[in-house]
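Mind having a look at this structure? Questions to follow.
Chains: A, B, C and D, in written order; residue numbering restarts at 1 for each.
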Amino acid sequence: MSTIAFIGLGIMGGPMADHLVRAGHSVVGLDHSPERAARLVEAGGTAADSIEQAVKGADVVAIMVPDSPDVQSVLLGDDGVFAHVQPGTLVIDFSSIRPDVTKELAQIGAERGLRVLDAPVSGGEPGAKNATLSIMVGGGDEDFERARPLFEVMGETVVHVGGAGAGQVVKACNQIVVALVIEAVAEALVLGSKAGGAPHRVVEVLSGGLAANKVLEVKGEKFLSHEFTPGGKVAYHRKDLGIALAAGREYGVPLPVTALVDQMFGVLEAKGRGDWDHSALLTLIEEGSDSAVHKA
Amino acid sequence: MSTIAFIGLGIMGGPMADHLVRAGHSVVGLDHSPERAARLVEAGGTAADSIEQAVKGADVVAIMVPDSPDVQSVLLGDDGVFAHVQPGTLVIDFSSIRPDVTKELAQIGAERGLRVLDAPVSGGEPGAKNATLSIMVGGGDEDFERARPLFEVMGETVVHVGGAGAGQVVKACNQIVVALVIEAVAEALVLGSKAGGAPHRVVEVLSGGLAANKVLEVKGEKFLSHEFTPGGKVAYHRKDLGIALAAGREYGVPLPVTALVDQMFGVLEAKGRGDWDHSALLTLIEEGSDSAVHKA
Amino acid sequence: MSTIAFIGLGIMGGPMADHLVRAGHSVVGLDHSPERAARLVEAGGTAADSIEQAVKGADVVAIMVPDSPDVQSVLLGDDGVFAHVQPGTLVIDFSSIRPDVTKELAQIGAERGLRVLDAPVSGGEPGAKNATLSIMVGGGDEDFERARPLFEVMGETVVHVGGAGAGQVVKACNQIVVALVIEAVAEALVLGSKAGGAPHRVVEVLSGGLAANKVLEVKGEKFLSHEFTPGGKVAYHRKDLGIALAAGREYGVPLPVTALVDQMFGVLEAKGRGDWDHSALLTLIEEGSDSAVHKA
Amino acid sequence: MSTIAFIGLGIMGGPMADHLVRAGHSVVGLDHSPERAARLVEAGGTAADSIEQAVKGADVVAIMVPDSPDVQSVLLGDDGVFAHVQPGTLVIDFSSIRPDVTKELAQIGAERGLRVLDAPVSGGEPGAKNATLSIMVGGGDEDFERARPLFEVMGETVVHVGGAGAGQVVKACNQIVVALVIEAVAEALVLGSKAGGAPHRVVEVLSGGLAANKVLEVKGEKFLSHEFTPGGKVAYHRKDLGIALAAGREYGVPLPVTALVDQMFGVLEAKGRGDWDHSALLTLIEEGSDSAVHKA
């Protein structure tokens, strides 16, 4: 069993830390919200007041925070993780951030004798709660093997995809597929409906053959009801596509359709729908056709 | 039990007719290839030498041929189906053709007292063989109900989507989703691989979360091995996207990403890959990035 | 001097016929509007009541009508041009129509001993009035040389681009460039303005270097004032892009950006702006950014 | 007359400094290449060995270097411009760099009592040599008026577009238009040629009406001869489009076609054509159509 500092106990980090507690690990949590910390204590963990206190004696430090600057601040700040942990500590960053930042952090960590993994996840709140996340890991073989038992407590699909930063790029690739599938469903559904197909029957057909996909399975109802509470937010998804496009630039890979769909997410943001579920791409196709998909 | 004339006994029509025979119907087949007709006879059907002979006494006429002009010729030709059938006959066109042609045929049929359904299918050769096709039906309610027992012998997902032509448009919608999912996987897989992910692991990850889709399940191996024997051919898929784009024009629905991916299929055709499997969209992304996805 | 039947005396055809009269030719006009015919008579021409009457004794027949079916009806109708003219007559079609229709008409004409040229024009109403049109001619060398003196009376740039239909394709190419330049100006102008540039100064800068173009010169004021009375209508321009995309399909040429901008014109149509000037592409970028370009 | 330090005497900066000398100003040049410095001395300027020496006594400091990091190093380095100039000095940055960097530099400069203008130029080597540049200026009114006489010595179109950074964004807008016009010409020219038009005649037609543009005027010959020595390099143009897309993200402006053409420039880079003239977009359309435009 490990002693694990878990920094960031939000919608994702909270249930992930809980699973570690339940698996028998000693988990010390840290979050700016006292309620969240209290919830972990209730679940059997303990709460810390500072990074220094949280990481003291930990052999693993896990973090799950929103974006690149947050990770940089938590790890590299004057009073941050790197300043207080012992050499040999395993640092696992579950956040979805820019791969170049990840690589830089891994290098700085290595210089201090730390072992850093990037391990962004896919599956959202239900995945975190039900321990069915996909976890995409970048970093060294040995470090991955050391962390694997922890990953398997939280996720269903755990894949070591490559060296430092590879987890982040593959997470971005995952988001490419999700975005384009949403757009595909949106174009098909509006056209099929406008041509006289009952929308729920179009959804039924698309779910039955080679067009079948998880987006339609999970979000089919959203497309029909236009109830766009997230789920995955437009603004976060666009952040991820920005990471994908920057990676495409760095690695010389053309991403023509990703580039186009990224612009469409931008239109959603400009229209004030950044907080809607990403399936709201549908609304752009509807508004561009002066027609709406209605549930029959 | 019905007496069914089945015209067009190719890769798709052959096994579909077989299923009807096995279900106890009396099936009279017609095909320009004597081998195909012989196969149906072996399976328990009979073979005709002309449309006139095939449809004589049939209460249902089914056709499965490649494209719009073929259907027009079989149905409207001087010696075609419409010239020889009795009023009240049910005519089911399983071919994937232009919805405007379908609507015109339905109208001409109605004037002669015939009942015409468009019923394009999705699922390919395996779907036809295993009777797991998706069948998208356009036409009248009563006619659909009359045909439903036959459809259920051949398909798993049978959906009456709307009036005449609606089956064709929904088939085109299905092809929109398939095309865009292929492109999504291609962009994601090349980027993930070039950034250091082992391709088969990238496929594994993409198959595990919200990005999961049937294309990856069925064609994951093709993407990794670059073995592009069809399956669904580039040229046929482009024909279908052309139908989708024409329908978008007619119904006033914007299809920006479909329009772009259609152009990419056009590039594949220009490069002489019209007969490759449609997953060959991958090769365009690879060639645009001067990199290849290799199976580890 | 020639005897010329001129069919279609609208916004374009009217002034074009006038120029022929002024150059000394004997022009017999035909139009369904008596006012238009009267105007030609005032200018020195004569008016006919039927195609038969118009073409009697003509050595040249010119037509300028809206779309493919109009041309087909005028030329091929039971009482149409081809039914009444003498072999050897030169038939010049100034309309912008589908190249496949043009080619078919040229072939039918050739079978009857006629000489048919396609000669679509660019330059709009001012070009027609000021005899500064660009005329793109498809057809045989000899026929072009015979028609050249007439073209030079109406246009400034007269180019024999290729065989039958080539004029139509090149006209479509012209429309590709115009559409993409409009979109380019729209994206640049909204971005520059939103980033703090005064719109009229952004226009001034864009007009000064390698970005300079005729669209900005002619329509710069429209972009700034949002006064979108046509000029070139969205709906006509989309018809032309449809011709271009069909030609791209036929000849195997990828037109990725044309395909995308065509979809954007479709959105304008769906929003009820089909009758606006094509520079209204600007409104889509503005609405997608929740910002407007205002004249300072 | 002013005393001007000019840092960066390359293809652009060299002739620009010469014009200032010729106009009677006292110009002290600095470049890492002794040959370039010598050329300025020949022209009547003087050469410095360090930034400190160059800016001593200068009331204006001009810089023209390749990219954001170069500007940051020259201005903010320990031994850089800001460390050595007197408060009140006018600093003019002619480089094309990221607007956020420009804004940051303007702010740091303001804190030290300096007056900073961004003044990127368009028009290339011929524009620099012939003093026909377009100069797009961001910064304060008063500072612009002070610099205007210098700008007018070097450029033909001098426009004060807005506050700090606005010059950079408008330069990026200029590059949007240039890129999209190149793509427009490429699509039109390949289609027109493949459909049977002689390429040079297609160019002639496109140059004659609403499609007319400076790109075709300046680079028409390159398109026909496939002689792609730059001119404007693909790699630099892509850098500029990256700036435009980042600005679109920041200001919430959709740039769908720019995003797509940017990906196409990326393909050119991946194919090893980053050093070719940007008109080489033509080669992508040709290769996608398996056809080439040849000069007749």
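The working rule: a residue touches a chain if its C-beta (ideal position, glycine included) is under 8 Å from a C-beta of that chain, and two chains touch if they have at least 3 such contacts.
Note that the coordinates shown come from a computational prediction; the quantities given were computed from them, not determined experimentally.
Undergrad: Suppose you hop from subunit A to any chain it touches, then on again the same way; how many hops at least until you reach subunit C?
TA: 1
Undergrad: Decide which interface, B-C or B-D, involves more C-beta pairs in contact, and give its chain pair.
TA: It is B-C, judged by the count of C-beta pairs in contact.
Undergrad: CA centre of subunit B versus CA centre of subunit C: separation in Å?
TA: So the centre of subunit B lies 40 Å away from the centre of subunit C.
Undergrad: If you average the CA atoms of subunit C and of subunit D, how many Å lie between those two points?
TA: About 37 Å separates the centre of subunit C from that of subunit D.
Undergrad: So the centre of each chain is just the mean of its C-alpha atoms; given that, what is the distance between subunit B and subunit D in Å?
TA: Roughly 53 Å, centre to centre.
Undergrad: Quick one: which residues in subunit D touch 2 or more of the other chains?
TA: Answer for subunit D, listing residues that touch two or more other chains: 248, 252-256, 260, 264, 266-267, 270, 288-291.
Undergrad: Flag every residue of subunit B that touches subunit A in the complex, lowest number first.
TA: Against subunit A, subunit B makes touches at 99, 122-124, 127, 133-134, 136, 138, 156-157, 159-163, 165-166, 169-170, 172-181, 183-185, 187-192, 194-198, 201-202, 204-215, 218, 232, 244, 247-248, 251-258, 260-261, 264, 285, 288-291.
Undergrad: Touching residues of subunit C toward subunit A in the complex: what are they?
TA: Of all residues in subunit C, those touching subunit A are 256, 260, 266-267, 270-272, 288-291.
Undergrad: Taking the touch rule as given, give the residues of subunit B at its contact with subunit C in the complex, in rising order.
TA: Of all residues in subunit B, those touching subunit C are 242, 248-249, 252-256, 259-260, 262-264, 266-267, 269-270.
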